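Letters A, B, C and D name the chains as they come in the text, with residue numbers starting at 1 for each one.
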Amino acid sequence: MIDKRIGDLATAVAPIFDGAAIMVGGFGNSGIPAGLLNALLDHGARELTIISNNAGAGEDGISSLLREKRVRKVICSYPRSPGSIWFERRYEAGEIELEIVPQGTLAERIRAAGAGLGGFLTPTGYGTLLAAGKETREIDGVGYVFEPPLPADFALIRAEAGDRWGNLRYHVTARNFNPVMATAARHSIAEVRHLSGEPLEPDSVITPGIFVDSIVEYGIRP
Amino acid sequence: MKPLDENAMAARLAQDIPDGAYVNLGIGLPNKVAHFVPEGREVMYHTENGLLGVGPAPATGEEDPELIDASKKFVTMVPGAALFDHPLAFSMMRGNHLSIAVLGAYQVAENGDLANWATLEQSFPPAVGGAMDLVAGVPQIFVLMRHTARDGSPKLLKRCSYPLTGAGVVTRVYTDLCVLEVTPEGFRLVDLAPGNRLEEVQSVTEARILT
Amino acid sequence: MIDKRIGDLATAVAPIFDGAAIMVGGFGNSGIPAGLLNALLDHGARELTIISNNAGAGEDGISSLLREKRVRKVICSYPRSPGSIWFERRYEAGEIELEIVPQGTLAERIRAAGAGLGGFLTPTGYGTLLAAGKETREIDGVGYVFEPPLPADFALIRAEAGDRWGNLRYHVTARNFNPVMATAARHSIAEVRHLSGEPLEPDSVITPGIFVDSIVEYGIRP
Amino acid sequence: MKPLDENAMAARLAQDIPDGAYVNLGIGLPNKVAHFVPEGREVMYHTENGLLGVGPAPATGEEDPELIDASKKFVTMVPGAALFDHPLAFSMMRGNHLSIAVLGAYQVAENGDLANWATLEQSFPPAVGGAMDLVAGVPQIFVLMRHTARDGSPKLLKRCSYPLTGAGVVTRVYTDLCVLEVTPEGFRLVDLAPGNRLEEVQSVTEARILT
């Protein structure tokens, strides 16, 4: 029988190891796996690489991991949100490595990893600092940058509803990076607002359960 | 000189957004454009975090904490809206499906180069977001910004000194003093804000304004 | 006002020109735009390139275009379905050009065109005849083939429900190639079983209307 | 020799599909495997036209004309099923998400090479479908086929003579005479169909069978 349900957040994040690369879904506060991030802070793993669109804000979530010096490297498109004080502090002190990736390239590199592709050519960033040192190519007068896939050891995903097969459905713009990240990690962990033993409607599934390794209920919204 | 205020700047740009357009509005001033699109035009606003059909801000107390735009502000959805994930949101941009993107800028050069993501300050972390994806794939890039920097220095330049967001990508510039089109020859005047003269505007512009 | 509705099939296919490259959604008989294909036959355009997973079967649809010698080239993964007699006849007589593309590479090349990418590296087909003459690369011991994007002039799409904005929703496995093809053509035409002036639920939309140029009702199922 | 019939072949292979596996079954004989998975195991069947959770054929009159599998046969959906488009269906394959693919073959070589998409006949149009995508990304490739061709010629070879579907991709071969594992040294016997002796099976096999 397929049953990916896990009883509590601590058990869900227990497999995460020191030095792991972790994708964190969400954009701003929408679709952030807040429960799993709290559990990861308690879990204590360090030397982490965090792959996420933003670099946290305030005192919770990714920010709390930065504050407690658990993060070695951040790969993101936009680390400078209002209130991302802990990122800025660590960055200015030279305590973390930063890799800036254009937002669409970030999504596409993650997708390539999940889809088993070896990389792709994108026009994004051609002729800019973010293409420095990268392979480029001109096709029919358009310049492209070669970008490699970006996989991770773990993905922390936030969804609205899920079932025991790991199928997920999202609420409005909380979808964002969550579905694509679920495909690209060796081990994807989903927190869902409503977890059911009954299956989701096959038509309404956005993330098929094959991409999800474990699923845990966390009813609180951001 | 008689600079327009921010609302008037946004209203001027909104005149040039046609009925049926698919438009991405950048963070800050560009976001105001949605309030000024003339009656009778149906414009679909795109936000890169996964919504086509962004509606106005919700009434207080009616906010859905997970329904936000790229500025992380609470929004609503208009009839005909669609939700999707990040890869599809960026396929819309990169794949030439949107009509217009309205962006802010630090600098615009007469060859259409745009600098709007990083300054030369080393301690300040760079943050690119979706800007490079927009300029890579959206056919019309409108820049909406003050004509000069806060210290009075020009932002409309012969060449950008800040790191580029994209090379040769800007099609129009809307400032508080004038509207310019980027042509193979350089900036060409479309119109002046009411009560301004070209010589005065040229005096605060590094690049030559053609007429 | 945005209203992409068109009153009849003939008007919907009228923009198609001789020599056009046309994507045709569907897999087997599921999700085939049968009404638009009938209208295309009546329309009379010739020297067409057809991009589709299969090459038709029986006497209708793509098969009828092959029978009437309207097709110059077929790009597909699997032309040899039971009943694809008109394809086989034209192929054996050397009357059409055939480009065989592995099914996943076909989907991905179409996606790359719709997503504005310049191509990608896939492990599919590496070391086989279908990689002959193509650029290849080895990364971390895995061989990859470089594949270019595949765009089209037109896409003929079949969906279950649509609205005046061009938003589409599909029925079960009739989704297949339809959503990705809608993104990759300069002009995408959708036939839908139910066309409404009322909007689809934003959460239920699979193809956002931005990818659809015109939409026409055709209530008959395969 | 005592060859298994097709049902017994499918049943033998089905023994090796574990509970919770995600499995793609090829057209023809491989499709039969679903009928023989032992009770108590929940296996999710994937079809590349956009369904994970393929169920048995519907009762006559209950068919949904648009709910089909890769063989274009009418199917149903099991609880926990999900629907998606072609790009995502192939991400599941190419991206190493499926557990097992069961395929037919013209030829299998002792180095794991698979030939199952094209013969050497020129007039016959080639048709690859999803086979090359499956072997590129699914970690366990099980071949299910008769041990020899209809004319009695061997199909388990030192090297394939037909065009390859994939190089070094097959992990196991299930025939009507035996089960073989592909190892770095070549085919290694897992078991013989009841009532058969290795020497006899070897006599209809071009490649060496290790024990």
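The working rule: contacts are C-beta pairs under 8 Å (C-beta built on N, C-alpha and C of every residue); 3 or more make two chains touch, one makes a residue touch a chain.
Bear in mind the structure is a predicted one, so any value in this text is a computation, not a measurement.
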What's the overlap between the neighbours of chain C and those of chain D?
A
Counting in whole Å, what is the centre-to-centre distance of chain A and chain C, each centre being its mean C-alpha position?
33
Nearest whole angstrom, what separates the Cα centre of chain B from the Cα centre of chain D?
54
Where the CA atoms of chain B average out and where those of chain C average out, how many Å apart are those spots?
35
What residues in chain B touch two or more of the other chains?
51, 77, 83-84, 87, 90, 93-94, 136-137
Multi-chain contacts in chain C: which residues touch at least two other chains?
108, 111, 115-117, 122-123, 172, 202-203
Can you give me every chain pair that touches, using the contact definition above?
A-B, A-C, A-D, B-C, C-D
Within the complex, chain A is touched by chain C residues 108, 112, 115-123, 137, 139, 142, 144, 148, 172, 202-204
Across the complex, what residues on chain B touch chain C?
19-20, 22, 40, 42, 44, 46, 51-53, 77, 79-84, 87-88, 90-98, 136-137
Name, in rising order, each residue of chain C that touches chain B in their complex.
1-2, 111, 113-117, 163-165, 167, 183, 199-200, 202-203, 205, 208-211
Of all residues in chain C, those that touch chain D in their complex
27-31, 53, 77-81, 87-88, 91-92, 98, 100-105, 107-108, 111, 122-130, 171-180, 206, 221-222
Touch list for chain D against partner chain C, complex
47-51, 64-69, 72, 77, 83-87, 89-90, 93-94, 118, 123-133, 136-137, 163-167
